[in-house]
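Each of the next two complexes has subunit A plus one more chain, namely subunit B in the first and subunit C in the second.
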Partner chain A sequence: MNVLSEHGFRADGRRPEQIRNISCKLSVCPEADGSAYIEQGNTRIMCAVYGPHEATNRAKASEEGCSVSVQLSTAVFATLERKNRRRGDRKTTALARMLEKAFESVIVTSLFPRAQIDICCEIIQEDGSRLSSCINACSLALADAGIPMRGVVTCVTCSSVDGRPVVDISAREEMDTIPRLTLATLSGHDEVVLVEMENRVHMDHLSALMAASHAASSSIHQCLHAALQQHLSQTRAIL
Partner chain B sequence: RNMATLAGIRVDISSPPSSAAPAALELSGDRDNASDQFVIPGNAVSTTTGFMRGHGTFTRDGELIATLAGSVQQVNRLITVKPVKSRYNGEVGDVVVGRVVDVQQKRWKVDTSSRLDSSLLLSSVNLPGGELRRKSVEDELMMRDYLKEGDLISAEVQQVQHDGSLQLHTRNLKYGKLAQGISVQVPSYLIKRRKAHFHSLPCGAAVVIGCNGHVWIAPELREDADGGYNQDLEEVISLETRSIMARLSGCVRLLAAHCVAIYDTTIMAAFELSANHKASDLLNAAVATEIASLVVRKIRAEATEEEL
Partner chain C sequence: MDVRLSDAEKVFIIHGVQEGLRNDGRSCGDYRPMYVERGVLATTDGSSRVRIGGTDLLCGVKCELVECEDSSKETNRLEFSVDCSANASPQFIGRGGDAYAEELSDALHFAYDNERSIPDLAKLTLSPNHFWRLYVDIVILQYGGAIIDAAAVAAKAALFDTEIVEVVTRQADEKKMTIDLPQGHLTWKLDVKSAPLISSITKIGSTNVVDVTLGEETCSFAALWVGGSVQKAGTEPLVTMTRQAGGGSLDAASINDMIQMGVNAVGRLDAKLMERLAAEETTIPGQTFLA
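Let's look at the complex of A and B:
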């Protein structure tokens, strides 16, 4: 199967540089300090943030700043085949560690000594780019929780087909043995928070792929920005 | 950049269907379009130099950048970003309602939904036997008899430590252990700081509105000379009082769901305006929105009357 048709369209009718529709909602979980639900195409993520609160693990508590811990889980019904996943398998743990690292660098942790921030991410439906969708959901939830960050992180997974960058890939496109670059940037600018590369890409194609990822990430940032702005004006206390 | 320039990108804020309550008040025009400037983390707060960096901001290349999602506030040359929603930020003198989580040497650790657990020192509580009683070693050993893990207390913030944790005191007869009642937790930013946070409401029940977002609804306010450590959990509260308390808790919850500030006036207004409905109907989204909207209008009308 070709990722791009002869007319230059993708399986879901998008152009190569087009991201999927984003729809999101904030403060969906009243018990959490901040929460967000995001749909990117058919990928659906729910994220809840608890904290900063007193560190439960005394050994992890540091006077320098708070620690960030991420729990990532996938629903049984998230993919085409129904699958009971063990919690804490290697792949999910690796993704959770990457999320932790990315957000530890962005959150102003020095403000909260001896505290801890818990982020719980649930993949409700999986249709590709799950790491990037999780990062986007976490960014929204952290902003909703009023946790100070240097910026809103947005992330996108892109691929390169015959030297042509294809952004925000879906599960159907992920199946192929094509290179995948996951790039997270800060506030839609050039500052990179996380890069992850799967499979191999030709050196000559890399710069085009990076540029396309940056552009896609900054478009996603605009979507999240609009959603956050709208949410802020709605939840401000009346009277 | 304009959203229209991005071909094929759309922001739908449609699902999941729950918690559409804040938006409902928006539609009915109850939310005034105040000229607050909202920023999200990473947004430039001001490009001109000569400002002082306040909470919620940092500087990058001489530019003031927001670290929080909220409204920009300026006091002379100091610029701060006030988050719309955040965990409880304690101030000296605040009344808080919290739960004891740990008994340590000479202190109790209290969860006040602050960033760190607050501490209540043995030396800053009133023990049975009067204010001037000296705290002895026996008292230290008997600490668990006064307050143990899981107890709910009301207290006042005595001091804010440099790391942001709070030190509480209950050196007043109105503070102390809470006995029978309903605890409702709401986001702390909705609580309005007032002169009084203990109210005996005319409807026949009492509320303690903790600044940390814990609202305690009780049959009556007590001022026990023994510090309130003797709870009477056997006492049966009359059905009438219990239904009043249930209605009050419903009112507090609906005000919180619609992001209406919570203080004695709004709670009482919601209680009075909900008289036509059963207490259980307050859980109904349509009824809740109607009452919240009526409360906002009533308080606004009273405010304009006072101005005239």
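Let's look at the complex of A and C:
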């Protein structure tokens, strides 16, 4: 199956440089310190943030700053095939570690020595770009929790088809052989928080792919930023 | 989930309940307003979302065609699983929610484990070596009390919503059967009219209460889960399951009253739910459901 049709459209009708529809809602879990729900196309993720609180894992507690722990879980009905494992398999754990590393570099951890921040992501429906959607959900939830960050992180997974960059890929396009670049940037600018590459891409195509990823990440940032602004204007503090 | 009340607040709730008054204006036998939607998940064969007060859960049903040596020996046509999402409470982070989830799925399994609950169950057996297995998976997104009540409602609504593909069986080699798709995509639905609902009856002081909030839950010591299946509309439900929950102990003399209250609650709830399910059109696939 071709990712791009002869007229330059993708299977879901998007153009190569077009991101999926984003809708999000903040403060969805009353129990959590901050939470967010995000829909990117058919990917639906709910994220809750607890903390900063006293570190439960003594070994991870450090005087330098707080630690971030991420738990990713997928509902068994999230994909068309039913999955028996909800959490804890190798791939999910690897993604969770990547999220931890990314957010440890973004959160101003030095403000909370010996503390811990728990981030829990629940994937309700999965349709590709899992890591990037999780990062977007987490940064909204962290912003909702009022945790000081250097900026709002946004992330996008892009691919390169015959040298042409295709941004924000869905599960249908996420085929085995296709190169995938996941890029997370800070506040929609050029500062890179995370880069992850799966499969190989020709060196000549890399710069175009990076440029397209930057552009897509910054358009996602605009969406998330608008959502945050709207949420803040609705919940202004009464002083 | 972690609600801390002072002794004075607890006394206020207990005394109120004894007078038949609760903080939110309900009487002891009343449920909070309940929202039931079905057809909310595009990746499932049937799904539902149930909200009661602060409780929010999703249920998805997936059908799987199982091939086996002898389908009459395989008994579990319905398989229940519950997952406590860490979004509901920080206590559920890691494996924290597993024990509670197991208690819930076990209760659901037990309530459905009889011939009267779903009379159609034999239709899931296709041939001596093929049958449909329905996975009923529930995710608890938010915890606000009365989880088992909501879980049973969600399971019934999702099973009501489930469409199973019509298949034909043909004779194959060595006395085996093969499964084929007929012309046109036809589906059928299970008859879930008598699928059981569960009501948790909580003892607060010496009074029995239906659908407790988190605050009320902290004032109680023991609860009884009563599962009932309505065999014919308008008649009293048949008790399919009773189970004690909540850790404390119950006096044998008080159990009869609790069961009776549970049966009444299930009867009323079932009538309302069937009315709602019959009236409601399914949500359009792809539509946002948490907005």
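Simple rule for what comes next: the second predicted complex is superposed on the first by the 234 of 239 C-alpha atoms of A that agree within 3 Å, B and C clash if a C-alpha of one lies under 4 Å from a C-alpha of the other, contacts with A are read in each partner's own complex, and residues count from 1 in each chain.
Keep this in mind: a residue touches a chain if its C-beta (ideal position, glycine included) is under 8 Å from a C-beta of that chain, and two chains touch if they have at least 3 such contacts.
As the structure is a prediction and not an experimental result, all values here were calculated from the model.
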Query: Between subunit B and subunit C, positioned on subunit A by superposition, is the outcome a clash or a fit?
result: clash
Message: Applying the document's definition of touch, where does A:A145 land relative to subunit B and subunit C: first, second, both, or neither?
response: first
Query: So, does A:L186 touch the first partner subunit B, the second partner subunit C, both, or neither?
result: first
Field: Which of subunit B and subunit C A:E122 touches, first, second, both or neither
entry: second
Task: Identify which of subunit B and subunit C touches the larger number of residues of subunit A.
output: B
- prompt: Can A:K60 be said to touch subunit B (first), subunit C (second), both, or neither?
  reply: neither
Task: Determine, under the contact definition given at the top, whether A:E39 touches first (subunit B), second (subunit C), both, or neither.
output: both
Task: Could you look at A:P30 and tell me whether it touches subunit B, subunit C, both or neither (first, second, both, neither)?
output: both
Field: Intersection of the subunit A residues that touch subunit B with those that touch subunit C
entry: 23, 25, 28, 30, 37, 39
Message: Taking the touch rule as given, give the residues of subunit C at its contact with subunit A in the complex, in rising order.
response: 1, 41-44, 47, 54, 58, 60, 62, 64, 81, 83, 85-90, 93-94, 135, 137, 139, 141-143, 286, 288, 290-291
Field: Footprint of subunit C on subunit A - complex, ascending
entry: 23, 25, 28-32, 35, 37, 39, 42, 44, 46-48, 50, 71, 73, 75-80, 82, 86, 118, 120, 122, 124-126
Message: Under the stated contact criterion, what part of subunit B meets subunit A in this complex?
response: 1, 3, 6-16, 18-19, 22-23, 25-26, 30-31, 34, 36, 38, 40-43, 56, 58, 65, 67-71, 83-87, 111, 115-117, 163-164, 189-190, 192, 258-261, 266, 296, 299-300
Contacting residues of subunit A [partner subunit B, same complex]: 14-15, 18-19, 21-25, 27-28, 30, 33-34, 37, 39, 51-54, 108, 112-115, 143-152, 186-187, 189, 219, 222-223, 225-230, 232-239
